[in-house]
Structure formats: C-alpha cells, structure tokens
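Look at the two complexes coming up: chain A is in both, with chain B in one and chain C in the other.
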Partner chain A sequence: GLRRCLISMDIHHIEETFQEIKKTIQAKDTFQNVTILSTPETLHSIKPLDVCCMTKNLLAFYVDKVFKDHQELNPQILRKISSIANSFLYMKKALQRCQEQRQCHCRDEATNATRIIHDNYDQLEVRSAAIKSLGELDVFLAWIDKNHQGPSA
Partner chain B sequence: DGVAILPAPQNLSVHSTNMKHLLMWSPVVVPGEIIHYFVEYQGEYESLYMSHIWIPSSWGSPTEDPECDITDDITATVPYNLRVRASLGSQTSAWSTLQHPFNRNTTILTPPVMEVTKDGFHLVIKLEDLGPQFEFLVAYWRREPGAKEHVKVVRSRGIPVHLETMEPGVPYCVRVRTLVKAIGRHSPFSQAECVKVQGETLPL
Partner chain C sequence: AVLCISGGLPKPTNITFLSINMRNILQWSPPEGLQGTEVTYTVQYFIYGQKKWLNKSECRNISRTCCDLSVETSDYEHQYYAKVKAIWETNCSKWAETGRFYPFLETQIGPPGIALTTDERSISIVLTAPEKWKRNPEDSSLSMQQIYSNLKYNVSVYNTQSNRTWSQYVTNHTLVLSWLEPDTLYCVHVESFVPGPPRLARPSEKLCVRTLKDQTSAVKV
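What follows is the complex of A and B.
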C-alpha cells in the first residue's frame, strides 16, 4: 500500500511548509462554512485498501487542478506553494509507478469519493474553490500521515 | 526597461554535496562597477504546468557574488530549472539558464565525520550535524575472530550516542554512513575507528 509505494517521502517537511502559509491562505477563504475534502463520504470513509489509490487521486487533484487554478502573486507564498506542488508531483509519479506494478489498486469506493471532491470543487467559483482546497491541505496531509504510519493495506 | 547590453553570466553549474546545493557562474566584469545578479528557479511542476512562472531564489535575488546557495529553493526530488542574469543600474543582461535541470538526488554524499570515544566502559559516538534530512547507520563490532557486526540507526545529530558497554582489553571498532530518505540514497562507509578500554584509539 501507501507505505510501500512512498518509501522516500518527507511528509513532515511538507506539513511544516504548509504551516508557514496556512493562516494567510485560509484568511482568503470566503466560504468558511463549506468544505471540499471533509464531507462524510470522502476522506473519512476511505478504507485501508483504498488509501493508496485515494492518495494518488488527490495528489492528481491538487497537481492538475488546484495549484493551476490558484494564482499567487506574493513571492514568499509562491515559493512555499511551489515546494508543496513539486513534492506532490514527485509523490504522484511514485504512486503512478506503483499502480503500474499493481501495488496501488483502485476500486469504485476511491473513484466515487474522488468524484465527490471534484463535484464539491466545481460547485464553487474556480478561484474560491482553489483557495479553499489549498486551505484544506492540512486535512489531506494529516490523512496521508495517519495512513502512511498506520497499518495501511 | 533597460537595454540588455550587459553580457549574460556564463558557465552556470551546480555543486551539490550532502544536500547543500550551490549554483555558480563566471562573473560579469565591468571595471570599477559592482554587478548584481538575480537568480530564479522553477521546479518540474512549474515547467510542466506553468512554464511562464519563475520564482526568485531565497538567497540569490539579488547577490553580488557569482554564486547562490539554492538549498532552500530545491525542496523536492524533481528536476529544477535555474537561470541567472546580471544587472548594473538600469542595464540588465539576458537570462542564462542552466544547461541541464538539477535534481537533488545527484548530490554527492560523503562519509560523515564521527568521533568515537570511551566514557568509562561505554563506547560512545558523536556524529556531525548534517541537517534534518540525514540519518546515520552506525556499524560496530568487537575486533576478534568471528565477531558479529551490530547496526544502529541514529537520528540525533551532534550529541553523543551510547553504543555498547565494552569488555576491558577487547578493541571495539565503529564505522558509519549517512542515509537520506528524501532521495533514497546513502553515503559510502567511513573509515573504521577502534578503541579499547585502557588503550588509545587504534588506527586501522
């Protein structure tokens, strides 16, 4: 599962990087009572067997969608987002290789949960959706950390 | 916008050892003038998805020296494009871009410096602080026929670590290598160092 596929991964460095910009990013979120990642049917309902696939799908969500839709002008913030984006790109490629070696199996449960997240995203105006998703990175990182440490499948 | 009549910096190269990365280039010389350089980078993410985005280096924008510590900029194990330009007042040169993108997984890993000591009967090792990305694999054994090598992974840096309680009169030897998980690599082993209770350090 996830631990076998993401051997050389420094999640704590990514968490530290996000903590440095979290307050600034979350302050720009104008829809505080809405969530994109944390609905009951998404992250928190994922079973160990689906963790690897869900991680791969969400890394793709951030790399292919969120980071592109967010336009950052502040160089300090841009530097931190770039660090996270490039780390996610590295992890995404590692999980894709793992999937090709049939060690990161995708079932309908992960596919459906991913689609709900994309639907939640698409219901907001794109800049608002991007900033909200960036603000929820701590949810995703904590979920990865928990599943990367624990007895994941 | 200043006309680019300054020559662009040449011979860009990255010197990377133990996850410290230094971008260097040949200086642009205008007699009697101080040239400032501006360094920018883009990771693989930017080059794939936002190729117009270049990010000012943390320490090299601007700098007067023909080098820039890019360690804090290179924070993922992906290829990074790097570029430099020179500036003198309103005059700026064209950008010079590193010929091949730099990936930190090519860093040179050297055997770590260690200090093997005796604290009474205790075999103690102290390792240099190479930063948070480094772990140390310490191998130690009794120097006698058929002795088994023991291995311990040490994460603490710069503080003494107890390895073993020694038997008097028997030499104990230690060697160590670094492990860097972020790039999935390790350094060569250091030379072994041996100590014996009531004896001096015995070079191999």
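What follows is the complex of A and C.
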C-alpha cells in the first residue's frame, strides 16, 4: 500500500515561532465571520491516505500565495514570518521528493478540500485574505502535528 | 434589553479565557474606577467563521466577573471570541473583546491522578490521565489522552532526607522508582505536558510516601 510520507521536521519550533506573533496577526483580521481553512469541510475530513497530498497542497498555498501576498511592516514580525516560510519551503521540497517516489498520491478528496481553501481566499481582498490565512496558521500546524506523528519517512 | 448610553462607562479590563481540561471560563476585571459599585455585566460569544454574536442567557446582567462558556465552546477544534460590557444605571460601556480563543491549543492540561505504593527500595507510581470537562457528571468521560495522543507526564521526585530532587518525562501510566533509600520519606508531584506551543501547566498536589524499613537489618537484631 501507499506508505505515508511523514514530515520529520520539528513542527513545535514553528508553532513556538508563530505563537509569538499570533495575537498581533489575528488582531489585524477583522472579518471574524469568514475563515480560509474552513476546517470542518477541509482539514477535518482528510483521511490518513490523503494527509501527504493535503499537506503538500497547503504548504504550496502558503509558500506560493499567502507569504507572497502578505505585506508586513513590523521587522520583528517579518523575521518570524520569514522563518516560518523557510521551514515551509523545506517541508514542501521534502514532500515533493515523496511525490517523485510516487508516495504522495493526490485523490479527489484532497484536491476538492484544497480548492475550497483557494476559493475562500479568492473571495476576499488579497491583503485581508493573506492576513487571515496567516492568522489560521495555528490550525494548520496543529493539524500537521496531529497527522504527521510517528516514525519519519 | 434595557437601552443604555453606550460608552458612558469605561470597558471591563483583562478579559480572557481561563481554560483547564476544556473547561472554559471567561473572566474579566471591573472597569477602572468602578470596583465595588453595583455594575452588572452582559456576555456574548462568537464562533469564528459563523455569522453573528450569540447571547449567553445565564450571563446577562450578572454582577460576578466570570461566565462559564464551556458548553458554548465545547467543540475544541473550533475557535471563538467572547465579549463583555458593563452596565450601571442608564450607562453602559463599549464591548471589551477577547482575542481568538482556540481551546485545542490553549487549554491547560490538568495533572493526572496519582497512586503510590512502596516497598523497601522502590516506589510504584500509577498515573490516571486527566479527564476532559463534561457538562453532566453522568456524561461519558473523555480522557485528555484521547484528545492529545502525545500527552506526556513530567514526574518530579524529592528525597526529603537528602534534599535531592530529580524528574523524568514518561508517556506510559506506570512507573517504578528503584534503588531508593529504605525508611525514607519521598514526595512526588506530576505535571501533564503536551509537546507543541507553550501552554500554562497545572502541577499536581505533592504526594508523599515513606519507603519501608530494610527487613534484612531488622532480622540481624
């Protein structure tokens, strides 16, 4: 069967980095009635078999879209975001290698969940969408932590 | 709802969630300068991503400065906001609002249950995982271990005679401390720990037990 591709990176270091800027970032998000990750329809419906693909898709979402669209003026916060972005880049490449070894298969479930997230993002003005996505990093990191426990690939 | 002049009072302060084992209590301090006066408070809460603020009927026009929102925030994988305003005669404050509250990452994990048994040179420790808060005592229990599969325990042991303390992290629920001194009082306290973003910890009460007297020296007499 398809061997799960597990991220061996220390997610807790990223969680701690985000924890330091979370309150500030979330305070800038004034649209409380909208979420980007919409977890009940997306992350919470992902089966173990689709964890790798979903992780890869969401890392790409953050690296290729969110971090690029977000404009940060505060140098301390910018430093933390850059640190997180670099970690995501590293994880994205690791999962890319997994895909090349045909161990990160993408089924409709992960593809549909990813599309919901992109649709949510595109419905907001880009700066608001980026800050909201950053504010939901704790949800994504907690999901990675929960789903990528176990012996690494 | 009684109409009041909004902004006529300063806002309540220090509004935050105190969360232990998913029991989520909203708490705040009276507005500056109004301690001791007959101010009342009204609370609302919001589920992140939903459409509107919701009332908490048991926390309308209350005089205490806390409100149990455990039921309303029981889905620990959602995130929430809460807000409170002060009312005094015909004046009321603007809303004071919490940041985004994420029970799954922010709840404090209470200490485990601890049972100690001892013989001459060892102490056996049996830990029972803390339980998630439940609305009714007769509701089925959910262990915090079922929510946090990577839950660990930091066991600290203190030798009251040598004044030495040592600790170790364990994941399973039974632990035997060996090579101890006979007839010595040892005290143990345990803290639950979940790897991840830092969260406040709730150490257990200290539990002390004395190892038995060394039977071999007793026989020589």
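Please note the rule applied: the second predicted complex is superposed on the first by the 140 of 153 C-alpha atoms of A that agree within 3 Å, B and C clash if a C-alpha of one lies under 4 Å from a C-alpha of the other, contacts with A are read in each partner's own complex, and residues count from 1 in each chain.
The definition used in the following text is that a residue touches a chain if its C-beta (ideal position, glycine included) is under 8 Å from a C-beta of that chain, and two chains touch if they have at least 3 such contacts.
Just so it is clear, the structure is predicted and the values come from calculations on it, not from any experiment.
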item	value
Simultaneous placement of chain C and chain B on chain A, clash or fit	fit
Partner chain(s) touched by A:Leu89 [first = chain B, second = chain C, both, neither]	first
Degrees between the directions from chain A toward chain B and toward chain C, using C-alpha centres, nearest 10	80
Partner chain in contact with A:Gln19 - chain B first, chain C second, else both or neither	second
Which of chain B and chain C A:Asp145 touches, first, second, both or neither	second
Shortest CA-CA distance between chain B and chain C [superposed frame, angstrom]	9
In the complex with chain A, residue positions of chain C that touch it	46, 48-52, 77-79, 81, 99-100, 102, 104-105, 149-150, 195-198
Complex interface listing, chain B residues touching chain A	42-46, 48-50, 53, 55-56, 58, 73, 75-78, 132-133, 181-184
Chain A residues touching chain C - in the complex, by the definition given at the top	11-12, 15-16, 18-19, 23, 26-27, 32-35, 38-39, 44, 135, 138-139, 142, 145-146, 149
Chain B-touching residues of chain A, taken from the complex the two chains share	7-10, 13, 17, 63-64, 67-68, 75, 78-79, 82-83, 85-90
